[in-house]
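Mind looking over this structure? Questions follow.
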Amino acid sequence: MSRTFSLDEVSKHNSPSSCWVIISNKVYDVTEFLSAHPGGAKIILKYAGKDATAAYEPIHPPDALDKNLPREKHLGSLDSAAASAVKEAAQNRRKTQDELRVAAAHAAKLPLSRMLSLWDIEDVARKVLSYKALAYYASAADEETTDRENCRAFSRFFFHPRVMRPVSQCDPSTTILGFKSSIPVFVSGAALARLGHPLGEANITRGAGRAGIIQMVSSNASLSYAQIAEARVGPQQPLFFQLYKHQDDRIAEERVREIISLGYKAIFLTVDAIVAGNRERDIRAPFELEEQEREADKAADSTDKSKGSPDMPAKQEKEESGNVNLLGTAGALIANDDLDMTWERTIPWLRSITKLPIVVKGVQCVEDAVLAAEAGVDGILISNHGGRQLEYALPSIEVLYRIRKQRPDVFDKLEVYIDGGVRRGTDVLKALCLGAKAVGMGRPFLYAQSAYGEEGVVKAVDILEREIVRAMRLMGVSNVKQLVPQMVERVDWQPILSRL
Amino acid sequence: MSRTFSLDEVSKHNSPSSCWVIISNKVYDVTEFLSAHPGGAKIILKYAGKDATAAYEPIHPPDALDKNLPREKHLGSLDSAAASAVKEAAQNRRKTQDELRVAAAHAAKLPLSRMLSLWDIEDVARKVLSYKALAYYASAADEETTDRENCRAFSRFFFHPRVMRPVSQCDPSTTILGFKSSIPVFVSGAALARLGHPLGEANITRGAGRAGIIQMVSSNASLSYAQIAEARVGPQQPLFFQLYKHQDDRIAEERVREIISLGYKAIFLTVDAIVAGNRERDIRAPFELEEQEREADKAADSTDKSKGSPDMPAKQEKEESGNVNLLGTAGALIANDDLDMTWERTIPWLRSITKLPIVVKGVQCVEDAVLAAEAGVDGILISNHGGRQLEYALPSIEVLYRIRKQRPDVFDKLEVYIDGGVRRGTDVLKALCLGAKAVGMGRPFLYAQSAYGEEGVVKAVDILEREIVRAMRLMGVSNVKQLVPQMVERVDWQPILSRL
Amino acid sequence: MSRTFSLDEVSKHNSPSSCWVIISNKVYDVTEFLSAHPGGAKIILKYAGKDATAAYEPIHPPDALDKNLPREKHLGSLDSAAASAVKEAAQNRRKTQDELRVAAAHAAKLPLSRMLSLWDIEDVARKVLSYKALAYYASAADEETTDRENCRAFSRFFFHPRVMRPVSQCDPSTTILGFKSSIPVFVSGAALARLGHPLGEANITRGAGRAGIIQMVSSNASLSYAQIAEARVGPQQPLFFQLYKHQDDRIAEERVREIISLGYKAIFLTVDAIVAGNRERDIRAPFELEEQEREADKAADSTDKSKGSPDMPAKQEKEESGNVNLLGTAGALIANDDLDMTWERTIPWLRSITKLPIVVKGVQCVEDAVLAAEAGVDGILISNHGGRQLEYALPSIEVLYRIRKQRPDVFDKLEVYIDGGVRRGTDVLKALCLGAKAVGMGRPFLYAQSAYGEEGVVKAVDILEREIVRAMRLMGVSNVKQLVPQMVERVDWQPILSRL
Amino acid sequence: MSRTFSLDEVSKHNSPSSCWVIISNKVYDVTEFLSAHPGGAKIILKYAGKDATAAYEPIHPPDALDKNLPREKHLGSLDSAAASAVKEAAQNRRKTQDELRVAAAHAAKLPLSRMLSLWDIEDVARKVLSYKALAYYASAADEETTDRENCRAFSRFFFHPRVMRPVSQCDPSTTILGFKSSIPVFVSGAALARLGHPLGEANITRGAGRAGIIQMVSSNASLSYAQIAEARVGPQQPLFFQLYKHQDDRIAEERVREIISLGYKAIFLTVDAIVAGNRERDIRAPFELEEQEREADKAADSTDKSKGSPDMPAKQEKEESGNVNLLGTAGALIANDDLDMTWERTIPWLRSITKLPIVVKGVQCVEDAVLAAEAGVDGILISNHGGRQLEYALPSIEVLYRIRKQRPDVFDKLEVYIDGGVRRGTDVLKALCLGAKAVGMGRPFLYAQSAYGEEGVVKAVDILEREIVRAMRLMGVSNVKQLVPQMVERVDWQPILSRL
């Protein structure tokens, strides 16, 4: 690693036969890695012989190169002239239209104190997120029906509120796998937080720690698991781990052992995302963004012909578009995951390498809830991955409702959680009435940290806590144990939603 | 009280450490009261050392200072120079954009004779109400789903009209708790009528008296209970009282004794509003109004720079907005209410201090209707507070329907009323068919008095009476006793509503 | 009647104390009739001492004056100078904006051959009808929910079409009360056809006669019953009569005897319109029209100040609007109808004066269908009067469906018809599958004659016949008897309608 | 055929009494054929004495003249001067607005690689299709309710996805009547592919062959059955034949014998289109197109008066429109079909002339599915002809669901297919879970070949295969046999669709 390189030298390795890239002033030979890159060779070759830092950083944890690229391919560092040149080029780079839009949106956003609901925060986030980030965060499968229906399903559950019950003392806290949570809500695993904010997952970790709720950390986080563990507000802050199991058991085991050693407290084995869902908004994003920039450039060029060219070239659409990456971001993230997990094989394997509680994330029907209980896991998370995987998976709250109706015994055998479509304290309470121990939320915390960083996460929990306590009181309930199935009714009409 | 003050003297007490305000030319020391003010200290401090009359009056009954501020803090009056100056300042105050809009709307409004339905009146009211008043009147919890569904629910009940029955004689009158009512409708408690019209609740009292229906007076009326009693068209006009029970039983008892002595005829104990609902439209109103005015000022300033500054300053949003009042108007009104009422304790307590009929307002499920009957109260008002409290409380007519289906015996044990979403005579008749003795309406009467004062209230009853009589005849019914469950059917589809 | 009058003489009788009007060059003293006029005195007084022909003619049958005004009040005729002056004034009268709009719409309308469906014809009619006429034809009760739901209800009935059945021979004809009908459709009583076309009901009579279907003539036709009878294409063309029963049995009997003597073949006793429905569109029409004209005049005046004043004066809205006629057109038409009809009294009375078949029009629930069968009438017409009477009456097809489900025996005892919401051949067939003998249509024929006169009526039947035959064939049915309940299914979802 | 003609000579035969037309430089005497032309005489007479090639070709297979016009009416060829003149006239013909629009749309269309879903392809096709072609392809009966509901119905079926099942090996292939298909999808018969693309059905044949799926060829194809057979990628590629049975058994038999001799592998007897559905969009197309062109011409003429006149004259609308062709394109195609098929007669007749498997296409209710099984056919295709025939036929997936619920034994007796409304891989899988062996798609393949020719067809299958395999994996299924009824649930609410 002591060798240094000039830009000139690096720039000669600009082809599939010899492909070097610069990331944070270090030089890597990725020639042999090209074919193994889950995101495809093409995106790397775009930066062959050049600096790739800006594109690389937001979607890879810092330890990714250490974990995936043999030591001998870490060639060395840029010499100081090269480092300066790279730095200067980055600074002088003409901002894209999208970057300008984002900067303006950040400048104009309302202060955090004006956020009354998670919808308010989402509205801000949708304005301040880059096109690419929003496409990744918001996208869902096919026509995004299950995503939309996740939300709409909650609206069919109404309360039977009770009156004349003492509620001045009202405690919304609960435990999840034995760990205390200030409200019955946890952060569901959500990848690539750095797409939305430079500090990424650490915002969520610190915010959750301060607010007293638990974060489930995605295998596909954009910070390393260690960095996230270090971001905790204290060593007692519990973290859960969302395990995407590698198809190679040994690699998977390595990942598990890593998070055990970092002090993570439970494993959420992800079974609803063994292949990537068809997230067309995400897949289309690069093309639509290119077209936007091209349009903007055209307009700009016609008024001002003196400026330099932006980063993204206007040429060659026809040829390039021949290679649409149909997997999208998600596909790249999970390209090597295990497609052949089974109750019989995978649970015992996981039990054999850890004593941590095991939760199966992605149960989507009554039958599998029963099988999970029989397999002896500690919990299930009813989840359709935010509608991002199988289009026309039943909305999560509907699956919960069916378990309550058909197999209430499941709730005695393990803890049941749900995620998908939760936006309000009343949503949380509906799930708890039906038997959920807690409710996961993913996108809302990504939006909160994107818009307002760590403070946004604290605020989101604060909003939820106020909503939960108020609704508990208005339901005549002073602690979560009093939330029972008799207090909700699934109605036979579809309310009109003012959001959606 | 004989002392008089100059404006100069008052203006020195302009801080939290010594805070005086002028209201109707009288001077009050509210320094110690600041922390106890249900609406928060901040709103008072805005007027510290200054005249607060315009902000104070529409939302406080005249006896509020007597009831809440110790006599010794009533410092005295303005001297005549000061009184003149205050008066002149009020007259010269530049009108806000919203005030100008309201004045124009009043000037252009249709004559009362053109009002064909309560919707027509609401349309006018929405135009003539101040931004703040409309936000308070119209707002409901969260996404306002229950508010909207209150209305939509009625549309799922269709009639089985009967033909070939004599209906030339048709009597829509009924009794409520033994008191005669010209139609089976009463005014449900609705606070702060002076926000909409300077005469406030008295408009409703006189209008109801002339039209022969009964008003339920809110604890949070903007006139004193005595003023309202005095507004009656005659001593025989019955008034009901909507009791928000103070957490301190003695203060609550004082309130009850006051209204007994004033001749009120029944107590509607409010149990659906022990904490404030999340009415975001109301909470946002001050900010949104400020922004509107600022925008308007900017536009005005650019064309006319000579005019003085309006009342509302354009500066300091960032700082101020740090203190969003999350309780909204409703929160301030009920800040000291009793969160620990129970059937076992509260009903006997109330019985112990009054022989008036007791109605529990805010029953929202079958179970509590049964408990109310067992507690021996005289009536229940099925109400979700106009959708302003617990989002996803069932629509009132749906609760009534469930009681009819599941526990029809309840109707034999007490009188059942409903409110929420009633806009047409047919809505009233649907409720009566299902067993309601009468139907309460809140917002429609607030809108009627806001748009047209007392005459608006009379007109609203007139419209309802025509609608009720016409529909009774077309249903083959000549008095309210003939309205039976067989005459309505809850259908399994959702009609399209042309309003909403 | 031999006396003649000058305009000057007539013009002196221009007050409530002496009110003369000119109609078709004849002079009438209507002073004593003012208070008896079902449409109110005010509308007559507008023409006191003046020519009222244009306002009078479209909404009164020619024999109305003979029937309602004593002979001695028919004072005589205009002298020839006066007649000329009236004629000239009528010709020189400045056209209103609405008249100009209508004339332009007529000029631009598509040829009849381009009409593919009844919707097409309605689209044309909505353009060529005067504001007032459209308001009367299209209006329905309150929010017009039942009117809209009449249509939507049909969309919830789907077919179970049968295949592999011989259908080259396909006969859509049926009988109604024993009278042959080319298709199972009849013209349901619809008043005031002359509002839409100068020839009025005669268009329908001739069109129906040519097309082989039967017309039910309204008591409130704008031609005399005799004129309509004379319009028949031949003496064998059957006509039915829609009887609005006068509260005075003798007057009612007179009406019945008149239509018997004119050769009408059946009596449809109307029981769904004993008082007028709340048709706000119709009630509002005069005011909205005035406002439109005023606006148009303002615009016109600003460009051309030389033209004379139009018929409708721009002054005095405030005063006039004090007298909104809350009954609307419908109210005037049925002001004297019998509110106290009963099965026990009215049917035997009617039987006692005629041997014609009796059909009760306006049955709206299963119970009354059963009572009608027990009363021994020959048929029932399930009708909610096109949604114009009781808002939230069940859609007609839903009532039919309930009779089929709950009391199929009714279909054996009398003929059952329905009207309301029928627009397509498939609607007709759904009703027939459920047991209807035929289906009535009102507005579509009013629209057809308004847009295209007699030819429009023939075309409408032609369209329906094509639609019915095609659908019968595609259902595997070759005559109406093969249409059975098994061929329709009421589905549990609501299709999206491209119309409505 | 050796005779040659000048244009002058041909042009004399320009009337009903002697009508010659030129098609592809050949001269035909169609005088006696005029009355037999299924599309009506009028359209032919428009070209009497003139060149009709451009209008004739896209909607007639090349062998139509041989099959329908006696040899002696094939008069001969144009002489070379005439051929040149015709060619030149065709080249110089001023393009219509619609042709210009289509050309521009083709130039601007996205590359095929950007197509992510069948919806994307349809979006392109809707832009590049001529007005007439789109009207024919997209139109459906009446308000197009069944067409729309075909799609919406799928959205009410949700999955019960299974997790923890090995799915790395996933095979989406199946067999249809014993013939291998790469995915459980076939091309449902769809007529007149040349309206959308000059190569027409051959695009589909070759695309299907390359992609490994089976094409069902319509009797009304715009290429001859032989041409289509020749277009196969190899002799083993199976083709099915959609038989529209002629009312004359001998002619029908001739058609069957022809396709047998050409090697077609199965017969889909079409029973849902014995008469044409009421496709108003298609019927209106000529008029609306004329009006568009006229408008465009008007605009063009006002700016450029020198250009020659376009093909479509602006005159004579009034006269022409007197002859609206109410049958539309579909009506012409099936004018001579057999309206009297029966299970008893038609199936044995067909069996008597062929040993090929027989599938009844167009079963639309449970009863007929049972009758088909009893009649011993090899399969049924549940189809309402894409909503183009009987409006309010039940959506196909709903019929399938009813068979599954009411008569699951049917699935043991024959193969069941459905078509109508399928757009996504998940739609296909829902049908397979309910018991369908495969799913037909018509319009999507017409759109694919119209937009991108043969490559579009291959792409469409590619998209479907990816969608099917992904969804199978996410459902925990590795081959089509594992798709069982327990994996779908028909829900009781209607999801919102982002398309439609």
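Chains here go by letter, A, B, C and D, matching the order in which they are written, and residues are numbered from 1 within each.
Just so we're on the same page, a contact is a pair of C-beta atoms (placed from the backbone, for glycine too) under 8 Å apart; a residue touches a chain by one contact, two chains touch by 3 or more.
Bear in mind that the values here come from a model prediction, so they are computed numbers and not experimental data.
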(request) State the chain with the largest centre-to-centre distance from chain B, centres being mean CA positions. (result) D
(message) So chain C and chain D are the same sequence; what rotation in degrees superposes their CA atoms, nearest 5?
(response) 90
(message) Suppose you list every residue number at the chain B-chain C interface; are over half of them used by both chains (same) or under half (different)?
(response) different
(request) Let me have the rounded angstrom distance from the C-alpha centre of chain A over to the C-alpha centre of chain D, please. (result) 45
(request) Take the average of all CA coordinates in chain A, do the same for chain C, and state the distance between these two points in whole angstrom. (result) 64
(message) Among all residues of chain B, which ones touch two or more of the remaining chains?
(response) 492, 494
(message) Which category does the touching pattern between chains fall into here: line, ring, star, complete, or other?
(response) ring
(request) Spell out all pairs of chains that touch, sorted by label. (result) A-B, A-D, B-C, C-D
(message) Help me check something: in the complex, which residues belonging to chain A touch chain B?
(response) 110-111, 113-114, 116-117, 155, 157-168, 424, 426, 430, 466-467, 470-471, 473-475, 486, 489, 491-499
(request) Flag every residue of chain C that touches chain B in the complex, lowest number first. (result) 142-145, 148-149, 152, 156, 271-272, 274-278, 280, 283-284, 287, 318, 321-324, 326, 339-343, 346, 360, 362-368, 371, 384, 389-394, 398, 492, 494, 500
